[in-house]
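Below is the structure I would like to discuss, written out as structure tokens.
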Amino acid sequence: MAETTRTSATTIDSAACAPEWTEILRQMIFIRRFEEATEREFRRGKIGGYLHVYSGQEAVATGILSAIQKGDIVFSGYRDHAHALTLGADPCRVMAELFGKATGVSKGKGGSMHLFDAEHGFYGGYGIVGGHLTLATGAAYALRYQQTERIVVCYFGDGAMNIGSFHEAMNIAGLWGKQGMCPVLFVIENNGYAMGTSIERHSALTDLSARVRAYSIQAEKVDAQDVFAVRGVADRVIRQIRETGKPYCIEAVTYRFSGHGAADILQPYRTKDEVEEHRHRDPIMILRNRLREICGLSDDDVKKMEDDAGERAAQAVKFAEESPVPDPRELFTDVVAEHGPQPETES
Amino acid sequence: MAETTRTSATTIDSAACAPEWTEILRQMIFIRRFEEATEREFRRGKIGGYLHVYSGQEAVATGILSAIQKGDIVFSGYRDHAHALTLGADPCRVMAELFGKATGVSKGKGGSMHLFDAEHGFYGGYGIVGGHLTLATGAAYALRYQQTERIVVCYFGDGAMNIGSFHEAMNIAGLWGKQGMCPVLFVIENNGYAMGTSIERHSALTDLSARVRAYSIQAEKVDAQDVFAVRGVADRVIRQIRETGKPYCIEAVTYRFSGHGAADILQPYRTKDEVEEHRHRDPIMILRNRLREICGLSDDDVKKMEDDAGERAAQAVKFAEESPVPDPRELFTDVVAEHGPQPETES
Amino acid sequence: MAEKTYRDAIREAMMEEMDRDTNVLIMGEDIGVYEGTFRITAGMLKKYGPRRVIDTPIAEAGMAGTAVGMAMLGLRPIVEMMTMNFAIVAADQILNHAAKVRYFSGGQVDVPMVIRGPQGAGVQLSAQHSQTFETFYGHFPGLAVVTPATPADAKGMLKTAIRGKDPVIFLESAALYGMKGEVPDDLDFTVPFGQSRVAREGSDVTIVSYGRMLQVSLIAAEKLSNDEGIEAEVIDLRSIRPLDLQPSYASVAKTHRAVVVQEQWKPFGAAAEIAASITEEMFDDLDAPVARVTGEDVPMPYARNLELLATPHEPQIIAAVKKVMYHD
Amino acid sequence: MAEKTYRDAIREAMMEEMDRDTNVLIMGEDIGVYEGTFRITAGMLKKYGPRRVIDTPIAEAGMAGTAVGMAMLGLRPIVEMMTMNFAIVAADQILNHAAKVRYFSGGQVDVPMVIRGPQGAGVQLSAQHSQTFETFYGHFPGLAVVTPATPADAKGMLKTAIRGKDPVIFLESAALYGMKGEVPDDLDFTVPFGQSRVAREGSDVTIVSYGRMLQVSLIAAEKLSNDEGIEAEVIDLRSIRPLDLQPSYASVAKTHRAVVVQEQWKPFGAAAEIAASITEEMFDDLDAPVARVTGEDVPMPYARNLELLATPHEPQIIAAVKKVMYHD
């Protein structure tokens, strides 16, 4: 199997100082603050169920989703807050969803694992590992069938690559791609672990991009703690997908700083040192330092961003807290189309 | 992806004339006659259900199963007559199974798709495409866990490689192989088609061996119309599996002469010419010619083999025909263990 | 009205809807070049081309899951399962995705898709290829599950399914494909879900069934009439979810006795729900407990004699009718 | 006897059987290094090593299928599903392979394996993570399906499952993991399948349940006794397949009224089978139709207030009891 190329953006040109990068930094900082708030609110018992936060992986959401266009569609797993937020979902409504409130993006019916915001192109939020890959593949077909130039982005974890639906989706995407009918960007969020199982222990072949090439789908690795690198690949690749209608895969090599979920306190599968080491490659720090060094971003600017982000996260919590719970009648809505051809199920 | 090596036995040495090869020819001819008989009996309405015959692929069953040892275990799909027969299942009882008779190898409960003969190492006979690959993988683990030197052989078609259970089995086999805990030989019976869908239309990457290597499993292609070639690879590879406890995959490139199943009369997916062309590479003819040219096999010898095979097939039909149908009480046996801890299901 | 086979009724429903709405497409294994193992899709690839008649690899989860994605984006995919037995590998895509995404998204998407294919015992297809799935799917909210028993219903209900907004499990019976019946010509002829019908009138006993067993029940009813002078009212449920038992209740109010007929295993089968519901609603009207006629509780055997014993036939229905009428 | 949690009862059953028989092993996701998401397998990897405590990739079909192969070759694998919801992707391996290979091979193999894990509603796990599966599996011959409601049953039935010859679907409830109860110390303490038991004696009404809902039913029964003077007999079914309804019949002969309690959706749920069977057998003894208490027929919502409305609680059971007693 050929060596996997690894892209990294060591050469930074003047475009690096475009205002957009400040926006990306702002967004990454906000995601971090937002996730910290969710962890706090989970401990306070305000958020229920499972909670999977994104801290450490911010460059994957922002680097790629800043490169797509309006009308593009995004699918994700259960670690989905950052994707929804980066697409423009209202943080207040995202937090309200986590609180199980009527004002939530999914009316409080979905929760953390099932954020959904069709208006902003976010098509969920799924809890069965690997289950949404086939959905994304079908969505990509639909967009091409409808003769649009829209594309699909589909996020999933390294661990999801071992389940059958990954395989079926990839092979179908590869086949449809040959007809130019499958404009989808698969993004492996390779954070090294499926819950507590490291890649070496869950994947027979540890070169994940190589696995994807076995479906005749182009794939490349990128150092995803470096949002410049991610964005660089994304720009090029998304253009290609849009032009060709063929799938592509980015293996975003990243790391999660928090536990797998809120219950993963002990983390017996990795050492404190390992986590600490990766904190030296915090994607926020990397971008911030670069903007400081090259573009003259000041400490004050950064401080202001941090404060703003904290403020917005706090506002989201406040909004969520003050929002009403769903009306009990909501229990029975959205089961089937209310005005579909079928009468209500008798009870 | 690296070029796939293709083994072929162009150099024939004196071992080519070992008596074993005559036996293999005899077995291949018998399989052909047996299958022709099943097709006849199907048309006569004596065999029901689905019937998938093996004609054209004889070298895959015989080339590999002549290389295994007593105690080894074989799993197959629904195109399974040849595997059972080559392992030593009584042809009369195999035919009786197809007739749905009490004397059948599965007591008449399984039929063509579910031959089973544990005594001869044949562990079925499965009808869900790809479903048995995980079983074979688990069986291989068991054999190693029990500290035996036994191995598993698992046959499946090219079309089976697109279903989720193939993927999960392969990845698990790859992982367990690293611990030396998965002595299984996966044999792709690549006959170019999944029912009426050619490889180019069902597999995004058409190099099937390369797909298997994406699970860190060694794989190689062999021209499987040439039983010498198949057997050559099998001998080497089986030794390696037994020694290392690691899985291996042989992609046996073959062709089926009959329709997919008995109902596949029109065969709109391939031309008569294509089939005719492949008949020039009939594996029986290839072996027969070689034994004639090199080892002095006479036309008389061949004639005798053909007659014997026809005779034995006819005997099997006679046995099947004269056997009794299952006792009606058999309907309720073998659902759960009769002396297991659970009482019978109340009805 | 014209007489048509169940098979042609299904094909026509699909083709008329594909003519009507370019968002409708079909995918499945060997439905295009091969023209379908049961030839339901014969001629369709030629007419609509490979973008709308998609031959897939053997990947039922992939088929069902991609259909969900297509449906969420506005297409109306029809997935042909070669037989419904193979859809078990797609169960997660159907039960956890198709059935639930409307709900957990708070109603942000429609999921207009149809999963259709034959189910039930054929002739000697043995254990893995002979199952029925109305209970399997019927338990899950978010799905519609239908079991047409006639060519007209096959056509009319398939049109309803294709035009709807929800995932529909459309359960055919291979044994019915050759059956003929009158089918309305109107291009807009549809049969709504959740409306069962009286398939035969009678006053002595109520037989409730659906799908292929409805036809067996009708034959049993004729025999009962001819041989015993017992007039059975036969109800065709038509859809399993939503389930409409009003006509069954009305019938029981008249007959005071009911038999429910289902092809597969008794425990936790569909007949249990129907019997339990009838009892809950009509307890005071019932002169006998609702009887269930079902297949034997064993995996389907291959041998023809055993297979015939495993599945219900007219005699079992007749016996059950006599039992609820205390004629035994 | 010692007091133990349901969680410890399960772990002890597995460890004692692993000590007793080297053919017993366990596999699952994150059961080894991570020690299990519910910590059922804590300490096991250290004690038994990676050949007997196997961390698997996320591949439930792979887990279930390899277990079938192992079992056919004489091992006794236990598969831990992180939650039973994830086993839907393994449905084909369980329903078409584990459940049927004994039959279609004409009885040539035993398939001694256990698939176990928690099911049912937790706290706000929403639609894909809150389902129960007793009906899903209960319909299929070839499987045993059990739903222990106490620590003693959890231990005794798991031992029966591990020592058996057939595939067993062992349905736990995460909500019960912390529950304490007396558990016999005997290493050979087993609880046979297909023997339901009277969990509480009473003479006025029969409540039939299993698993977590059994505990809710017992609380309801206490309330009924204290507040209304109604003495409910509560039957714990313990196993769903095989299903033993004799004690329920005997109880109904005494009480003449029955309520069946089940956590999930009413249509085609387990309660239908139980109600239908009781009615078939005890029709003349019943003073009221058997009532069903079930969850609402909707995918599980996330919001806590909706989730509480979706699942049955004591008040619904009490209301159903009053209804069958015509006290409403």
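All chains are identified by letter, namely A, B, C and D, in their written order; residue positions are counted from 1 within each chain.
By our rule, a residue touches a chain if its C-beta (ideal position, glycine included) is under 8 Å from a C-beta of that chain, and two chains touch if they have at least 3 such contacts.
What you see is a predicted model, and the numbers here were worked out from it, not measured in a lab.
For the interfaces A-C and A-D, the C-beta contact count is higher for A-C.
Farthest from subunit A in terms of Cα centroid separation is B.
The distance from the centre of subunit B to the centre of subunit D, each centre being the mean of the chain's C-alpha atoms, comes to 40 Å.
Look at where the CA atoms of subunit A average out and do the same for subunit B: the two points lie 45 Å apart.
A separation of 36 Å divides the Cα centre of subunit A from that of subunit D.
In subunit D, the residues that reach two or more other chains under the touch definition are 57, 59, 61-62, 85, 88-89, 92, 96, 103-104, 126-128, 141-142, 241, 243, 267, 297-299, 301-302. Contact of a single residue of subunit B with at least two other chains is seen at positions 104, 106, 108-111, 114, 126, 128, 162-165, 168, 171-172, 175, 201-203, 335, 345. Those residues of subunit B that touch subunit D in the complex are listed here as 73, 75, 104-111, 114, 116-118, 123-126, 128, 131-143, 145-146, 164-165, 168-169, 171-172, 175, 179, 181, 333-337, 339-346.
Against subunit B, in their complex, subunit C makes its touches with residues 29-30, 33-35, 37, 55-62, 85-86, 88-89, 122-129, 266-267, 296-299, 301-306, 309-310.
Residue ranges on subunit B touching subunit C, taken from their complex, read 48-50, 97, 100-102, 104, 106, 108-111, 113-114, 126-130, 159-160, 162-165, 194-197, 201-203, 263, 268-269, 325-326, 328, 330-332, 335, 345, 347. For subunit D in complex with subunit B, the residues that touch the partner chain are 25, 50-51, 56-57, 59, 61-62, 64-75, 77, 89, 92-93, 96-97, 101-110, 141-142, 144, 160, 163-166, 190, 192-195, 241-245.
The touching residues of subunit C, counted against subunit D in their complex, run 61, 85, 88-89, 91-92, 95-96, 99-100, 103-104, 126-128, 135-136, 138-142, 240-241, 243, 264-265, 267-273, 275-277, 279-280, 283, 286, 288-292, 297-299, 301-302.
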